[in-house]
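The chains carry the letters A, B, C and D, assigned in the order they are written, with residues numbered from 1 in each.
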């Protein structure tokens, strides 16, 4: 399998998703490829005693691997990204408290006059698929459940920081972007210009501190195309659920987008009357709060396949 | 066991939770009691062809059973409510589309100039613990997972509509208020003045349409007291999780409250340093979006017991 | 003129607006009356060196004068309250920084793990209608522009803390509740059960710290009734503007309510097509952010009378 | 004076503000220049009976004039933009109802299942500085108060749609961006890469329908530089006020940013203790809700110069 790796040099980091950067590779639909990713800090954290604020220099953070040109992808298509496998390529992961960033503190957007939280680095050893959390806490090892925090396709005009999720995917921090699942992303420019990164060894719902256990990875992906099949927002499918992801602020708008897209999907593909679908979601849908820390919050609405009627088209 | 039932007469419905109504019963801590509840419509729905807007007349909705005076409860205590069992006492449940109410539509608060959704009633047959959804949809029967949408104690001064969740509990619509779980509620007035109602046969996360499968119930409850143990917001515990519930708008504020309370709980009772607890939640916590339809949204933050260090006090 | 004064004893403070307290007086429509009010701290602040947290003990704050029974007021009417005059009855006013309360800091609702702001009292001398701000700041004296932060009528079932604004009026902190202006409030219970308090010597838009220059007052009011004229939310009128006030969170919902009510008012009373009224507001309306600190935010939408067509009914 | 005009050809419209487009002109600080702008619809509206949805094709809307390279501007500077004059270069202006866009309706972000509002075009004649509103409404002519809805400098990495306001300025829709006022914008790339457009003949606070009276313009600008003077967010100054603009969602976050920046400005440049400045703002600041319709809301906090102590540096 072909391996595509990001340029590790700081000056070549890709920290926006958009149509202006030259593709680093071209892939064919159906061809499994290996993509390597740096962690959200560009692999620059090595110890808990580093000066975090010298490493985290917005907006030069969260470098992704890409853009990758997918042959045949055209505006109006949907790009499908099957995540076959994720290997964590380090024996340690890091998490952080970054001042003015996080879910339960003042931030650059929810500005407060309180003193900011102090920067702090947490180092976590990873061995045999288990995370030793550290910090002197006597807790069981945490099994790795790796996924990609950032995955997206290029908007048609905008170049969006890799810190932002949105209609293009991006920094959703949704643990359902994991091996076995397929992510559907809108194609808005020729070749789709796919980017991925921000590997997480494990993450709780909401990613409340702003950091998962951040790790570099080697992942296996297979791309596909649904031709002339426009979607407005990311979707994820697996054997158990069909899922939509909304990213917006306030958080209720993220949830509204996710459910709106889910109800219209149930109507379009499964023939469920819109108001009945809305009501049925109210009885059987699941919701995942993916992130409450990024420039937009991400919420996923999940419909269990077992309650789907036969697909209409 | 003693049975306490609400007065079914419309003029005696209890539609606020507060210190101004006379208790309908007094219970002792440790004594299991049976509480009967009407559904959110006061058991007035019988068919899909009724005129919904003659039945739903805000604020005379969601009548609860209570207030119940708990012997020995004093301000500064925590009331613990073990839900032993919930029996659904009807062979049918109802759900509805109520104009200007719901999660993905204009509401009385998120006011829009678009035409409101049309009122609609859905009838669902319930048999052998299974819900036949109806509406001509060929989907499997849905197993009942009953819980109480509304459960709370009296604020000290306010009388809060039973449509509202808040620091007192109330209309959280959290499916974790279910058999086997114990709800912790702040005591702010002598006797706590407990109320419960709004039985749901099943509900998805978010209760997105504004209605679960609404049913009358007969439940078995055991009350307890944690003396001189003030809490600011509701908590729920079971064998798998310790949980906090935040209710606020916008939704991120509900999530902030839930996680703030969870992190401080980990610190106070389990000796986890506050910033470490914040970070650990970012890796292993789960979140439930309980409701996105009421006067305030409710979000629950859930910490898995398996990652708790030994309890400190 | 008759004078109605609040009971200054702490145990008799009225800190909720609702139907459960006995009226302290009955007034007739058209009869000017004098209402005295304590300041938001119950007149308990005297110096900058007091221990603020011993005085501010939620929810026993912001005591109002009332409830006042207005003869002839019935549910479905509108109560009109002409504010004829406000006299500040102290030679000093106070403002405060209250921890976990305010517009640019963590609060009880926007919970953060940052350290709270420190409590602080500011004393301001008032003389000849001018405020000497103090704190060693060499700035001009600020002219008094007194108004009432809290003014409302009873909900039908709820008793709402005097800290909250809402559809009933309440703690809107809108500087347009001032001499010369008339406030319209919904009547939901017999007698309306009017309350007023929270006099402000001057306040900026947003009341961003959570405190204006807080003062006791003596005001002259004339009540009126618009019979069988239900309104959903407070309105204010003067010679220059017709105004609506929305109170909600997030702030955009407050603004939505205000504009929705304004557009429907333009349609109902002035015959302006709904979409044309919406558009015209987009060109000539003014907005006041009244408060961004209370349990709900308050936003006022103001339509200039000079652009009103002749009144239709 | 030199005149710089945008390319009117659709394929050359500039609909993002970012570092990727080639400057259309270079200007020197201190040199007055004329900038022509197309209206938000690229001057394509001519009559009320056009098919609006064929003209408004997101994201190809709101074309701006730029980018303009300002000689000597370097990252870390502040660009000052004095707006000397705005001439409206058409005898008609247009406003619109665009489905899924606006302040009191469902939108692409506040998604609802209600039917969208219908598209509608309003034509307004402009003569002698007065707007004849039309639509059969017998209202006085409205005096023109022209300003620019969109004005900004390039982010360092992102290319941001001209529909968005933000820390870079952009589509703030703030009526204080008007003749006589000076806008301060952060410089993040060499040359600043200034863009301006979206002329409004008049606009109410909030721009509630999503449209002002949209017009093409010819404006006179003088640029200046404050070297090594970084600012985080836009500022506006005139003889009466110093102003900050926050753009965020929810709306309270926009207000928080604006007030945070204002309080820190008072501290840095006028020596006012931070908590005293916060309190003083609570007594004398004004707020303008600039827009409640764009991808982010914009709120301006305004401090009256008459209450400024002498400037410290």
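Here are some notes:
Keep this in mind: contacts are C-beta pairs under 8 Å (C-beta built on N, C-alpha and C of every residue); 3 or more make two chains touch, one makes a residue touch a chain.
Model, not experiment: these values are computed from the prediction.
Relative to chain B, the most remote chain by averaged C-alpha coordinates is D. By number of C-beta pairs in contact, B-C leads over the other of B-C and A-C.
Averaged Cα coordinates give chain A a centre that lies 45 Å from the centre of chain C. We define each chain's centre as the mean of its Cα atoms; on that basis chain B and chain C are separated by 32 Å. Residue positions of chain D touching 2 or more other chains, listed in rising order: 104, 110-113, 117, 249-250, 256, 259-260, 263, 275, 278.
By the touch criterion given at the top, residues 104-106, 110-117, 250 of chain A touch chain C in their complex. Chain contact summary for the complex, chain B toward chain A: residues 95, 97, 102-104, 117-118, 120, 122, 131, 133, 135, 137-140, 142, 202-213, 249-252, 255-256, 259-260, 263, 272-273, 275-276, 278-289, 292, 297, 299, 301, 306-310. Those residues of chain C lying in contact with chain B across their complex are 15-16, 18, 20, 59-60, 109-113, 155-161, 246, 248-250, 253, 256-257, 259-261, 263, 274-275, 278.
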